[in-house]
């Protein structure tokens, strides 16, 4: 029988998904209003991964989300304020405003963040898992990357090393069917990226990445086993990003029909329906939760406005070590 | 029934294997005598690949051997003199003495040679196959690389691209069980590198790389099929290098027993036995062929001595194009 | 003459060359329907199809090596990399392969390959998407490097790069993409290795390239109002470097300032300074040659700081004033 | 004090640091039983085992990124690359990652990583195994770069590099590996960023590093016989650069020559020349600062030419004579 959350965990999970969703919507609005600069990659549609992965991990397990990872960062512990502050480049940002959206790193919550160089965090994660193994810890490292990233040489080199050294590294491929504009079916030579584990004598699995209970229970099962018997694992989660790749994307490379189909499979609505079925939430309570989340994020955003930024002189302190 | 060469082809094949063997022995001697400088990687033990691959290809098919490729170069058309001249850095060398052992390239015979950067010729070969396909030619490109090279990211990126663009590229992995000193069993996470084709939805096969008839017939079968229906293929040939990785190798990483076992499986002796069985050659005729080859290579080597080298001023001509 | 943007100039150069020669192939990520991350190839897929528009997986090292291989047997690839910062991923293809194969083969092959990469800060893209990495390549024999600053130069130099039989690195700056300028519609080329005096002057030579050109030109304009006549030399090519034009200019003005966006320490200006030092111009100097470059810091996301780490008009003016008035920057 | 080779000095520095701290881990190809391609880690596997000796597949980019990841949570990796030419393969890990993570994270992490790479020609290994690629990195804020020339400096600087909390590039030259020198047995360090006057003199400052140091010292010795007193400054660190020592020396001698093996055009000498130009030393110059570097050519296999493309003793002497006698190299 499929794994099911109890009521408490269901409510917490829903809150996380709604927070991720609303956070990204807010970021999108702020961009439109010119209140955030640079670029950003929004994870709307992928909330089941955000709410399913980090809660299934131990507090001391590390994650390395990719560039589309705000939701993961929140799920691992950073507050919306921490991240919004970073996007607004103020001193209170997780990276003091030095990193921005592509580099949300929060070591307090064991989040080593994303590299802007797609695919380069994969071997970094192997190194972290190796060091944890050397130290005799029972922790795992989970690195997230996209379908397109699985074509980088770093993927190959990293998975091979993880396998020969048996390090507890969970490779989570978030296959949302597209790179920037190129469909995975044109750039990835296999249907299921999970089969690439064969090349490294590694276990793997494909799951529905929009089913939050499945994501959670799979990650839990795999990582529990990895702790006992350190080894890597390649997990592929099929999902979809609703919005464009980044703010300037006109999405000419895919059809409105496809987008509509995937919106039918919204991870939030699907889980909400289950919660209602199970009597864990009512429509009204759901709306209330949504409104609360919205208010919280609005408040966090307001709190960022006009706040102080790091100065040039201070920034020099981060360049060199001694 | 296994493929068998007729008499004429058997004699030609044997001559090629003996030439490859003797050429490498001579290079080794010349190094000891200080008559060749730099470094070199000798292919003794891998002659079945040299004599089996290029003869199975069309004249206009390209090869890109790796750093251990003198024998392939000879099999594709360069004379021992052409190559020895390169090793002695004289003007008559295939690369005019500019490239040396690691970069024997002879475009007259469609040999694009090796890159000294292990594994980087793999995507180069894909580019060449792509260009030939664009031009509507029915030719293939065969790139050779070692077991250790299959761990480079370029292997992964190249095989993926070859697969999505269906280019006629034969990836020939010469698995001689070792990188420089590291056994493949410690550095390659799979037993058979051929399984890595799964990651690219590509066909593959493992063969005994010391059986020259099997090598020839397999390459012929695969490339004939690739010409009709352009697509890549990963072929793994198990073999062994008898000598050290390069001239300074003390071979402490493997046992004398293992070396002896593989010498038992000498590609030349095994084929010679078959030829004698089939009545294609006698012991005496074999010895004569060996002596002739030796004389030919000695003569080629002598002919290199004291020959003129390219000057600094001339070398400047090769730096820039216009 | 029509006014078009820098991006359009690139698009025109590529399209004209691809029309003329089917072996000119654009290779890169998201160059098809998407038209390239910055839009350089917008609309080209329709005309050129997938045979001349090779949209790649995220495999920078692989497709650079692939292009390099194809170039040796007939293709004339233009490799576009999405951000110049990813030059690190293709440096092996460029430095160890493209730059050396003609040489290593004793002249058996040519490598007619163009590498296009957008450099530069100012877009809020932070440390890994904002660099100016020209010095990764300027010390590599075998490579030619151009870095145009105007649509006119971009089109003419890109055409020369495509027609060159060796590897040419064609660097672009993101903040110049929307800049407009007059560009002839048909065919013309600009010789690689020739600098261009973008403004004549007599008191000081400001030597620069790419995005710093408009900054220096504006500074020169403002300095003119103060009675200082600045000559602005746009290098356009970094390698080969047009030392003749540089030297002539400095011999005329007796003072020089070299400006670039990349960090000052270890930046290309050092080469320019040394070239002046080694020439007759040295004996004509009324002040030491000055340099302006980026601060010793990765590019931050924080936009306030991002603006402060590259030279601005005031920096140029101030340095020129010092050169002209006190005969140099005493320490 | 014992006389040991450069290679032994490296072996000692690594061994002592690895003994003192289990988190110091050597990572690279064939470093185990084989002892490293050039023998730097010979004998170390027995003492340190596979926990501190991580022998890798041929996956340079991957293991550099791996080391970088591990370094942020406690490991202090020393990454050995077999030939410095393969720096291209790890440039992304160094330039886009190691150099930037402390900065991009607002100081949340440190990257205590050492990168060791053997550079240089003279071994007949041809174009892809003979380069001096320091300029790929000298323009990257966040990296420190050392390039010692003697066993003593190698040991002391490598220890400092290993103890440094940021990324340090430690470059070696193959032709120096067998050079011997006095090296104390126990612990000592040399501060990164300090040049060393290897020979005092009064007529000219020869500024150099790595393999060109013995060449310049020998030239200085021979010049002394002609009555020319040359001071030889060994930079040891390229980044940070000890401009103070350089300037002091040039102010004393009034003449300077910068020498390196890497190609002259775009080489690091440009930075040194510019640093002198920007300092008070400029006003003391009796001749323009001269540069000697490699010729504009990949390194050929042909040994006759290989010898001719890097500066030799006679080149140094001739250039110094010109600086001293005619007040400079007129063109």
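Think of it as A, B, C and D in the order they're written, each chain with its own count starting at 1.
As a working rule, contacts are C-beta pairs under 8 Å (C-beta built on N, C-alpha and C of every residue); 3 or more make two chains touch, one makes a residue touch a chain.
In this text, all values refer to a predicted model and were calculated from it rather than measured experimentally.
K.L.:
Farthest chain from chain C, going by the mean of C-alpha atoms per chain?
P.N.:
Farthest by centroid: B.
K.L.:
Could you tell me the distance, in whole angstrom, between the mean C-alpha positions of chain A and chain C?
P.N.:
Chain A and chain C have C-alpha centres separated by 37 Å.
K.L.:
So what's the Cα centroid distance for chain A and chain D, whole Å?
P.N.:
Between these chains, centre-to-centre, one finds 41 Å.
K.L.:
Could you please state the distance in Å, as a whole number, between where the Cα atoms of chain A are centred and where those of chain B are centred?
P.N.:
46
K.L.:
Hey, what residues on chain D touch two or more of the other chains?
P.N.:
Expected reply: 56-57, 59, 61-62, 85-86, 88-89, 92, 96, 103-104, 126-128, 141-142, 295-298, 300.
K.L.:
Mind pulling the chain B residues that touch 2 or more other chains?
P.N.:
Touching at least two other chains: 95-99, 103, 115-117, 151-154, 156-157, 160, 164, 186-188, 310, 315, 319.
K.L.:
Given which chains touch which, is the overall layout a line, a ring, a star, complete, or other?
P.N.:
Topology of the interface graph: complete, with all chain pairs in contact.
K.L.:
Residues of chain C touching chain D in their complex?
P.N.:
Where chain C meets chain D, its residues are 61, 85-86, 88-89, 91-92, 95-96, 99-100, 103-104, 126-128, 133, 135-136, 138-142, 239, 241, 262-263, 265-274, 277-280, 282-283, 288-291, 295-298, 300, 328-331.
K.L.:
List the residues on chain A that touch chain C in their complex, please.
P.N.:
Interface residues on chain A, with respect to chain C: 37-39, 86, 89, 95-103, 115-119, 148-149, 151-153, 179-182, 186-188, 249, 252-253, 309-312, 315-316, 319.
K.L.:
Contact residues on chain D for chain B in the complex?
P.N.:
Going through chain D, the ones touching chain B are 29-30, 32-34, 37, 55-59, 61-62, 85-86, 88-89, 123-129, 295-298, 300-305, 308-309.
K.L.:
Which part of chain B faces chain C closely enough to touch in the complex?
P.N.:
62, 93-99, 103, 105-107, 112-113, 115-117, 120-128, 130-132, 134-135, 153-154, 156-158, 160-161, 164, 310, 315, 317-322
K.L.:
What does chain D use to touch chain A in their complex?
P.N.:
Touching chain A from chain D are residues 51, 54, 56-57, 59, 61-75, 92-93, 96-97, 102-112, 141-142, 144, 164-166.
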